[in-house]
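Have a look at this one before I ask anything.
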Amino acid sequence: MTKTSCLSRLKRIEGQVRGIGRMVEDERYCIDIVTQIQAVRAALKKVEEEVLKDHVSHCVEHAIQSGDADEQREKIAELMQVLGRL
Amino acid sequence: MTKTSCLSRLKRIEGQVRGIGRMVEDERYCIDIVTQIQAVRAALKKVEEEVLKDHVSHCVEHAIQSGDADEQREKIAELMQVLGRL
Amino acid sequence: MTKTSCLSRLKRIEGQVRGIGRMVEDERYCIDIVTQIQAVRAALKKVEEEVLKDHVSHCVEHAIQSGDADEQREKIAELMQVLGRL
Amino acid sequence: MTKTSCLSRLKRIEGQVRGIGRMVEDERYCIDIVTQIQAVRAALKKVEEEVLKDHVSHCVEHAIQSGDADEQREKIAELMQVLGRL
């Protein structure tokens, strides 16, 4: 994902969150609000996965090419933590 | 959750999404961006659960009190769908 | 899901768990073991969803037909809890 | 997790799956069956995380020490896939 596309997605998500605020203000039906929140959470998850993919192909790849074992260990530990495991 | 507290939470989340955009723009470290996205997703999930709790204590409760079996079936079907099951 | 199909699925899952034990004993490659565990977790989730679907179409439907508001409230509370929400 | 403890956990899980089969056979209350399935899924997830932790401290660590960039890339790709991301 290019930086530009990531930024435009986040811009859209920001607008969607504002939209949810309006739905709450207008006392729209709860289930519709929940459905919209779920859509935004899914959109955020997608951005997250793209940033992670970028991270692996740049920072982790950099650590591999550096041949620096300590940097590699650190990158793995970070990845595992951010992926919510271990 | 009162409407006011829900709106103020969404306002904060909107600001956090904007903050993530700035992190991307400033090319901050990927893992920090991912961590921040995860925080916003968790915050949104919390709002979602509060709206759902409200839904159950108002709309679902209303369907129960109405004694209208069809309305009750509809509420259950909606709940199951929004909870991502069945 | 009929009781018979549910039982035969559980039988298969039991065999799969035994198979994972053998993989561990044979010191098979970790990633293969993890993949197999994930398959079993997915199979269990499917049985779980089927039992839940049954529950809604029988027990919850029974509560609706009974017209007993307290029983309906109890069923909703149980559902929300088992769905891990609220 | 030692191999022995992993095996004894899997043995227990196998017994729990068999127990769920008996609950289905005895037509026990759906919610109790679902709760039990969720407990087994959680137990399996724990074994999975332990196997993964072992994997990182052995196989991934081995790839780091080998200094072999291709092996390191392969290990990362495997990890990301099994963690359900990318």
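Before moving on, here are some points about what is shown:
Residue numbering begins at 1 within each chain, and the chains themselves are lettered A, B, C and D in the order written.
Assume a contact is a pair of C-beta atoms (placed from the backbone, for glycine too) under 8 Å apart; a residue touches a chain by one contact, two chains touch by 3 or more.
Remember, predicted model here, so these are calculated numbers, not experimental data.
Of the pairs listed in A-D, B-C or A-B, the one whose interface repeats that of C-D, with over half of its contact pairs matching by residue number, is A-B. Between subunit B and subunit D, the centres computed from C-alpha atoms are 30 Å apart.
Separating the CA-averaged centres of subunit A and subunit D is a span of 25 Å. Averaged Cα coordinates give subunit A a centre that lies 17 Å from the centre of subunit B. In subunit A, the residues that reach two or more other chains under the touch definition are 52. Taken as a contact graph, with one node per protein chain and an edge wherever two chains touch, the assembly forms a single closed ring in which every chain touches exactly two others.
Chain pairs that touch one another, listed by label: A-B, A-D, B-C, C-D.
Across the complex, subunit C meets subunit D through its residues 3, 6-7, 10-11, 13-14, 17-18, 20-21, 24-25, 27, 29-31, 33-35, 37-38, 40-41, 44-45, 47-48, 51-52, 54-55, 58-59, 78, 82.
Listing the residues of subunit C that touch subunit B in their complex gives 49, 52-53, 56, 60-61, 64-65, 67, 69, 72-73, 76, 79-80, 83, 85-86.
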